[in-house]
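The same chain A turns up in both complexes below, where it pairs with chain B and then with chain C.
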Partner chain A sequence: MSTLSNTLTSKKSKLPLGERLKREWKRNAIVYIVLIPVIAHFIVFQIYPFLLSFYLTFMDWKVIGDPEFVGLKHWKYLLTDKLAWKAIWNTVVFSVYYILPTMALGLLLAVIINSGVKLAGFFKGIFFLPVVTSFVIIAGIWGWLFGGTEAGMINYMLSFVGIEPQLFLSNSSQALAVLAGLSIFKVAGTTMIYYFAGLQSIDRGLYEAARIDGASSFKIFWNITFPLLKPIHFYVAITTTIGSFQIFDSAYLLTGGGPSYATTTIVYYLYEQGFTSLNLSYAAVLSYVLFSIILIISLIQRKFLGQDSKHY
Partner chain B sequence: MFKKISTYIALFVLGFCFLLPFAIMILGSFKDVQFAQIDPLFWIPDPPTMKNYIYIMRDGMFLRWILNSVIITVIPVATQMLFCAVLGYIFAKKQFLGREIIFWIFMAVIMIPQQLLIIPKYIMFSDFGWINTYWALIVPELWGIMGVFLVRQFLQSIPNDLEEAAYIDGANDIQIFFKVILPLAVPVVATVGTFSFISNWNDLFQPLIYLTQEKMFPITLGLASMLGKEGNFGIEMAGSAVSFIPTFLIFLFFQRYFTEGIQMSGMK
Partner chain C sequence: MKKFVFFLVLILMGALIVGCSANEADIKDKEPEDPKKEEAGEIETSGKDELSGEITVWAHPFSGDQEIEGAMWKEIIATYEQETGVKVNFEQIPWANRDQKVLTALAANNGPDVFYVIPDQMPQYADVGMLLELDPYLEGFDIEDFVDTALVSTTWKDKLYGLPILQEAYTYIYNVDVIKAIGEDPENLPATWEEFEKWAEKAKDKGFYATSFQGGGSLNGTLYPFLWQAGGDVVTENNEVLINNEAGIEAFTFINNMYEKGWIPADSITAMEHNGLWESGKMLAVQGSGISVSRLMGQDLFDFVIAPPMKHKEQLTYGTTGMFVAPINTDNPAAAAEFIKVMTNTDNQKKFNTVTQYIPTRESAKDIFGEQKYLEQLAGYTQYALPGVIHPEGRTIMPLIQAEIQAMLEGKKTPQEAADAAAEAVQGKMK
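Then we have the complex of A and B:
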């Protein structure tokens, strides 16, 4: 493809620029007619806001009145803001609760679906259902399941094994884990789809050979299937990590960042600073913190996925 | 044999766990208030009541929230399917100046989280007078980079023969797009549509920022405000169940497009 366009441009470069543009316009007029409004839209709703938010971090943006240039004030404040660091820490803890269980559950579901059971398509649909359901619906049910009194259903079930009612969402050391549980339930269906595709692409002949050699199913899974899924593990790990750093909905809906800031994640803190305290400039700084984290994770993905793509 | 039985047990136990929250939603929506607050097993069959559904239908706000959600979902879904199909075709098949660089910039921008753009967009939309209007939620969503990427990916795998044959027969670009490309791209355009439906119908974050008036709320924000008011569980579940119907229908008919879309987006 690139060689073709190279030869095209080199041939055309002998013509004067005006003539070249004229010919290009004649050939692709319709393409440019479509692209110009699209690019204008792209600049207005993506590029300009991106630049504006960077500019915002150096200003004191007031709801009424002119913005004032304050240099690095907000960036300096970030370094001393204990709550911001707590929010980052909470988000990291959330990721720890969330990433591996989501991957493990997704893999388990995919293995079961792929094992030749009847009704596999039906169950695949059931496991995928939470993915398309809104956070609001699931949070409403989750809040009731994990109600912090004897009336909560999970507490009711725990009472049978002699465990005292737990506070769950009102307990600062349990709340984040309950929110992670909600996300695991909601996202495992997506991980299942990736793993299912991976499992389907594994050559059946490998299993046959191992079985003839007398390997048990368990050994086949750990020694053949699991290592062959390496590129999928990697891709899923990256996407769930990026997702986990953007967690907001469940904290907003169920805990409001509490109790005592235990579920104040990066995005929740950003929301609170920007839209409750109306400190938009500092919220912009926080959004750059989030962006940097996601950018680093994405760059790791690009670097490694390039090397691993031959496995597909 | 043992392996087979244990696989089925795992399948049914997991299936039960995944369905339980939905069962609670449906059964809970037919229950009377007081039960919800005292008995953890209130959702187990008991004389059902339509009270909660009647309440939300008479409430006035609820139907308005559904209507708002329909408006801010249907328009972007339609335009996303059209624009992403056209743009995907252009980037897959057309040779024009700046094609690689424009696409490269699109793909780089996809990494910017929407939480970063929402702060400057809030300021912009305040200036535009778009706060508490549908514009703030519709105009930015008219097309999407991810959709363009999916269509481009799909069309690149299709040989150019058909298109070239149509050119030789004297068809122009517009005719080729509608008569040759679009019929081929139906599955991927359906994927773009379903993705767009789910992201707009379920979106909570953007409406939360741009809308403050209750009558402008989409159903997600409406339900969230019910949740916040410590309202009664039965009514909340009835609201959830009604708002879930469109999602469920789309899911039922287009599940294949969801899962294929997820797999395709993973092939970057």
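Then we have the complex of A and C:
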């Protein structure tokens, strides 16, 4: 049988190209028809901007007018641009404030709704509400809560426990943390859904066995639930990391990158360079920096994820 | 694997073809710039009858009442269409991120033929050759009717790029209830920094804020008026940076003093508005213009009085001049220029500024405030109004200076250090 099929294949490959294409088309027409729009979209909206922006990094181009070739000028400037490095540093600090708390809060909320508590569906809705609400509205509420005067809601509450009014968004050591808090509040609902799905997929039998062995709830969580959620941990870690490096909207809406650059993140700086200063070429350089950072982190995380899937 | 590589190469080739062809298209579009201008000039001299086609006009919501504003635009556009036979596609664009919307649309060759800019945007655009020079279209046009301070803002390097539609002047608006609470006279408002400081101290003692300071907002409403009043400036047309001279330090010190003494709210470092504090009567005064006045009249929260712009060494304030311009890559330059002329003629200036409560830029249109005392008062202050930093980097340097003021208010830098750091940052942006 195998000899027969080999003969058939070799015969087929000897057919003229036109005929082969025709056959291929007949067999897989639907695949190509479905693929063409996707590939066209991919070329126009991904590959073309990707290549064009790389070309832009070697040019001076201010939206309208002829681009001028300047070689490595913008790449060299990156090395001496203190603000760019500060923006990268701010973004890293933001990630520290944001990634683990988002995962922890998401997991906690998922455990709550998975614990069989009464009105679990209601709580699920409440916890998910910030995710479906417009970011601008959430940011407005956050800005109002963390107002830097005694009239701000949080400051008003702090006054009951004798804490002086805090500046929050107007304080360069607090502002980034307050913005991270906003992102956590906004995203934790999504993380909760991933963890909830993960929790649902854990075999109940494992819990029963542990209980029969006399394990406490904490031990069950720590030794069974937590390790079995590893694929979810990694997935959530990757998405929140990428999200944290792309943080822009909260700084744009609440602080304008201030006070004194304390909340200028890499994307905010890129935006300022591109659209306020019309320095699109340098903005393109910054976008490649951002791309490289995300690529490297994703590769590292993927390596761990790959290893992990061998165990489970 | 080979198939995959072939596929990848195919995609890359495709992308390059797309890329190259787009560039060629760009070049083709740019080539006829000059002939287009000449052609337009011919059309212009031969009269309006030769105009045809269509134009797209982008404007913003200039007033709170969109129904009345919409009717105004319809009327103005209908007259223009009737006179010229050119069809107008009017699009109202929100104020937020208007720079980006205009730039991205123009870059894609898909932008408006006429759009609205303010004086610190204009040189930035004109300097990179983005704007259509209007001089060739103005033969026999009554340009002398325009107010001089308004025309100055529409000119860059001796070429006129726009025609002004509106002016405004920012000055302090005082809450009469607070003035009375601090035992002062609403008829005798502070005219100098020293007088203002005395009032501010009293307001603070009585538990009010003296004024608002929006450290996260534009410097046109924060540092610049004080800087100009102190006799200083940011940068000259010849790239000479002045922000850290004696007058500059004085302005930085004045602001720092206001913050340290608690005359302005603690969140002033990055605040973008203090409407809540002002409207609830917790503030002595705020800087405002015609829109603030109509808002206050509409809300009827408290009585208010308007002071003339303050004087330290100079009596100056900020006040924008709004103008309509055309981009260089418009498909219909003659019709676009004609629209700008019609839009800013006396009749339309009257209609526009009556609805939007700004101040007309034509002498012959200034009689619209006959019965509106506040607007008439504000119209008198446009002579003191500077339109911002008129320099191609005017908008670029703003966040740099803003960051230094924030560092100063946080107590991380003295006024001298902050002004020096701002000067260094501004210098870095000069070519």
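Methods note: the second predicted complex is superposed on the first by the 272 of 312 C-alpha atoms of A that agree within 3 Å, B and C clash if a C-alpha of one lies under 4 Å from a C-alpha of the other, contacts with A are read in each partner's own complex, and residues count from 1 in each chain.
To be clear about the criterion, a residue touches a chain if its C-beta (ideal position, glycine included) is under 8 Å from a C-beta of that chain, and two chains touch if they have at least 3 such contacts.
No experiment lies behind these values; they were computed from the predicted model shown.
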{"item": "Overlay on chain A: chain C relative to chain B, clash or fit", "value": "clash"}
{"item": "Which of chain B and chain C A:I296 touches, first, second, both or neither", "value": "neither"}
{"item": "Winner by number of chain A residues touched, once chain B and chain C are compared", "value": "B"}
{"item": "Contacts of A:P259 with chain B and chain C, given as first, second, both or neither", "value": "second"}
{"item": "Partner chain in contact with A:L206 - chain B first, chain C second, else both or neither", "value": "neither"}
{"item": "Which of chain B and chain C A:A175 touches, first, second, both or neither", "value": "second"}
{"item": "First (chain B), second (chain C), both or neither touched by A:F275", "value": "both"}
{"item": "Partner chain(s) touched by A:A151 [first = chain B, second = chain C, both, neither]", "value": "both"}
{"item": "First, second, both or neither for A:I39, with chain B first and chain C second", "value": "both"}
{"item": "Partner chain in contact with A:L52 - chain B first, chain C second, else both or neither", "value": "both"}
{"item": "Contacts of A:V136 with chain B and chain C, given as first, second, both or neither", "value": "first"}
{"item": "Offending stretch of chain B which, after superposing on A, collides with chain C (from 128-136, 164-172, 182-190 or 236-244)", "value": "128-136"}
{"item": "Touching both chain C and chain B, counted on chain A across the two superposed complexes", "value": "39, 42, 47-48, 52, 151-152, 275"}
{"item": "Of chain A, residues touching chain B in the complex", "value": "2, 4-5, 8, 24, 27-28, 30-32, 34-35, 38-39, 41-42, 45-50, 52-53, 56, 61, 108-109, 112, 115, 117, 119, 123-145, 150-153, 155-156, 185, 190, 193-194, 197, 217, 235, 239, 246, 248-249, 252-253, 267, 270-271, 274-275, 280, 283-284, 287-288, 290-291, 294-295, 298, 305, 312"}
{"item": "Chain C - residues contacting chain A, complex", "value": "11-12, 14-16, 18-19, 27, 30, 97, 99-100, 103-104, 106-107, 124, 128-130, 215-217, 265-272, 276-277, 327-329, 393, 395-396, 398-399, 402-404, 406-407, 409-410, 412"}
{"item": "Chain A residues within the chain C interface of the complex", "value": "39, 42-44, 47-48, 51-52, 55, 62-66, 147-149, 151-152, 165, 167-172, 175, 254-261, 272, 275-278"}
{"item": "Chain A contact footprint on chain B (complex, rising order)", "value": "3, 7-8, 10-11, 14-15, 18-19, 21-22, 24-25, 28, 36-41, 83, 86-87, 90, 94-97, 99-100, 102, 106, 109, 111-113, 115-124, 139-140, 142-143, 173-174, 198, 201-202, 204-205, 208-209, 220, 223-224, 227, 233, 236-237, 240, 243-244, 247, 250-251, 255, 258-259, 262-263, 266-268"}
